[in-house]
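Just so it is clear, A, B and C label the chains in written order, and each chain counts residues from 1 on its own.
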Amino acid sequence: MRLRKLEETFFKGLMIASVSMVLALLIGIILVITLRGASSLNLSMLIQTPKGGYYLGKEGGIANAIVGSLYLSLGATLLSFLFGLPIAFALQKEYTGRSLSNITRLALDILWGTPSIVYGAFGFVVMVYFGLRASLLGGIIALTLLMLPIMTRSIEEVIRMIPLELKETSYALGSTRIETTLKVMFRQALPGITTGILLAFGRGIGDAASVLFTAGYTDHIPRSLFDPVASLPLAVFFQVATPIPEVQQRAYASALILLMIVLFVSIFSRLLSRRFSRHIVR
Amino acid sequence: MSHISLRNLTIGYGNEQVLRDITVDIPDGQITAVIGPSGCGKTTLLKSLNRLIDLYEQAKVEGQVIIDGMNIYDPRTDILALRKKVGFLSQKPYPLPMSIYDNIRFGPKIHGMNGEQIQRRIAALEKQISLDEPSLKPVLQKARFKKDRQMELLVEYYLRLAGLWNEVKDRLNGPASQLSIGQQQRLALARALAIEPEVILADEPTSALDPISAQLIEKQFKFLKENYTIVVVTHILRQARRIADYVIFLYMGELVEHGPAGQFFSSPRDERTRAYISGEIS
Amino acid sequence: MIWRRIKDNLAGKSMLIAVAFANSIVLVIAFGLFMKSRPILAKESILHLLFSSTWAPLKGEFGFFPFIIGTLEVTAIAMVLAIPVCLLSAIYLSEYAHRHFRELVRLVVDIMAGIPSVIYGLWGIVVIVPFVRVLGQAFGHPTTGYSLLAGGIILAMMVSPIIISVSMEVFRAVPVEARETALALGTTRWEAVKHVILRSSRHGILSAIVLGFTRAFGETIAVLMIVGNVPKIPASVFDPAYPLPALLANNYGEMMSIPLYDSALLLSALILLLVVSGFNLAAHFALLRTERGQDR
């Protein structure tokens, strides 16, 4: 009898240690980045683009990267939403049979698990083929490929949670499939879809591997889709790789900015979804 | 056999009061039926007798449940021993994810019943056997002479006791999940008996079963009551009439009336009891 | 009336086009990468490429072996570190913890899942690299800290959110009756977990692990920043390593200037794609088959 209780106490101890470690590590990340980054964070970092000599420690900021990331992520979010929304709705049984929808879900699962560097490499292949150079457009395309499965999966989960009765009621009143989809399902799913969009946006803004090959890097804010564009993750990456301490410090500040954006989007989407759930028909 | 007494048992879930000030003694060696309309706290009452209610975070228990002179809600209680003494059958039987044989063996294995204890148990059982089940005697006699096959014979014994042996004897190593629901419930009975309880609690044991399986379970209960104290929650009045020796009537969480079955059904004292028995409220 | 039907018909057809598009993306990507890999596959056999240890692009030598080993080893270290910690955490959170604590940790884990890879890498440089350096001294293996172990540790942190949250979902799917039945028979909470819950959810846990594995396999930036990037097979965990994604990321700049370099690197991208997809498919079919003949 005692042996059994002892075994439980032992494993319970291991479990508590594990959970504590997980918690400590996360809080550790946020703390370290904040502490290190806060000291170098100032307004000019946010507003100015790098002037000459920025990478040697002189003036300037990373506005190019901040704006660049926003352009990239917004563009990719828009595109992946445009493609992902129909795909998610198409997986319902009134549009596709069971085997087709299963195969599609499998394809989407594979895309979901594909490393972002593969998307970057593919984007590069496409760009070379068309003779394009690293640009905002290239980055957007690679990011869209990355975000598409995430967007589609979020939207599909929202659709799945809508009670069947709602659909049935609509059909029973004589509406066609597309009428039900647009007028009933879409409206019910809208809050969840919004959350899904935010989630995908947050993922896209933090990714480095896919934009590495395809978006290039520049000190300027792009004025057209064909200009190269800087991004926050790459800004961090390049700054930390230099041997100059001031620039390395700025890497932490840049990381802090990126972290704050991601945390903000995450918390905002969570609050939004909680607010929307209050009104859901269950 | 145990003497079970409830003293001022009061149970609340969050803000709701489920049981109010229940005080009653449950007779030994008899089948006690707990009846009343749905949602009146019958299951809660049952689950409070083996502290299964501890699983529900929001449940608050006041008062006492005294089994063999000890209040089981005293913090010093050995819960594992309590649950060995008080067996439980739930409404929907859940076969453990293992073979039929392992399902029965599970309880004895957990409680570390070794060869000697099994021998002693078999010897004690031999004395208790009633003449209604002649098939059991030869099993016990075989066990005495085959020490290495004790566990197998014990499993056979309990399966016979539950009335399931003939249907599963050829597939003891097959998965228990493939049994029909009536068989699964009898398996659950055998499994509960295998830990040598003194009390058997049953929560609507036949409500999920077809009539024939239901009849089998009722028959086994009547056979078992000689050696066990049985408490059955049921919402089927006719079942209570068929098998109960003692009846407890719960209405809206209150103990309205209780007494020996004959007296209870023929001349109820409370107005609500009369209404329930005659089918006016259900 | 007819107009409504026409609209519906069109909509149905567009849906099918969308689905066809979704299905074709992986194939198009694989095809594109393959076409670009053909030059190098024409020059050397695939076996030579996979198993040779000589990496000298200027001389036209492209042996991927050290990189493949690097990837496998760093992923293996990550899984060995992550799996026990995550499973134990998931069990505690789902079976022992109070509701508020569980929701708090779930929130924390979800946030952790969204943190960009480059930030993990930065933190790795600040915290993990010095840690490994000290550890290395203690074990008699002097090291800069930029090593296989560092890469493994940061990867373990990055896959933990997935493994924990999927495992928790899997445990939540086991019905309450399972726990009630076991506990009613007099088991301790831990015995109920051991004999009933883990058994009924083993397929789900396996898929959680595979998901974590594929994420670790393809992770690029964070590992790149702390793993050392030396194209030699590491002799110990304290030596630097060079996983495949890191190779790809580091050298894309020179890709076009050295003959066959781009082809070799894109071949490595193709290998990554195939391995990760292969694991995904295998896990999918395994889950499917066991769900059909499953023991509850």
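Operating definition for what follows: a residue touches a chain if its C-beta (ideal position, glycine included) is under 8 Å from a C-beta of that chain, and two chains touch if they have at least 3 such contacts.
This structure is a prediction, so every number in the text was calculated from the model and none was measured.
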One chain pair leads in contact pairs, namely A-C
Greatest Cα-centre separation from chain B belongs to chain A
Centrality ranking, top chain (CA atoms only):
C
Centroid distance [mean C-alpha coordinates] between chain C and chain A, Å
17
Hey, how far is the Cα centre of chain A from the one of chain B, in Å?
54
Distance from the mean Cα position of chain C to that of chain B, given in whole angstrom
49
Of all the residues in chain A, which ones touch at least 2 other chains?
4
Provide the list of chain C residues touching at least two other chains, using ranges where the numbers run on.
188, 191
Chain B residues counted as touching two or more neighbouring chains:
80-81, 110
State the interface residues of chain C toward chain B in the complex, per the touch definition above.
98-99, 175-188, 191, 195-196, 199-200, 294-296
With touch defined as at the start, can you tell me which chain A residues reach chain C in the complex?
4-5, 7-8, 11-12, 14-16, 18-19, 21-23, 25-29, 32-33, 36, 83, 86-87, 89-91, 95-96, 100-101, 103-104, 106-111, 113-119, 121-122, 124-126, 145, 148, 152, 176-179, 181, 199, 202-203, 205-209, 212-213, 233-234, 236-237, 240, 251-252, 255, 258-259, 262-263, 266, 270
In their complex, what parts of chain B are in touch with chain C?
50, 52, 55, 57, 80-84, 87-88, 90, 92, 94-98, 106-107, 110-111, 175-177, 188, 191-192, 195
Can you tell me which positions in chain C touch chain A when the two form their complex?
4-5, 7-8, 11-12, 14-16, 18-19, 21-23, 25-26, 29, 32-33, 35-36, 84-86, 88-89, 91-93, 96-97, 105, 107-112, 114-123, 125-127, 157, 160, 164, 188-191, 211, 214-215, 217-221, 225, 245, 248-249, 252, 265-266, 269, 272-273, 276-277, 279-281, 284
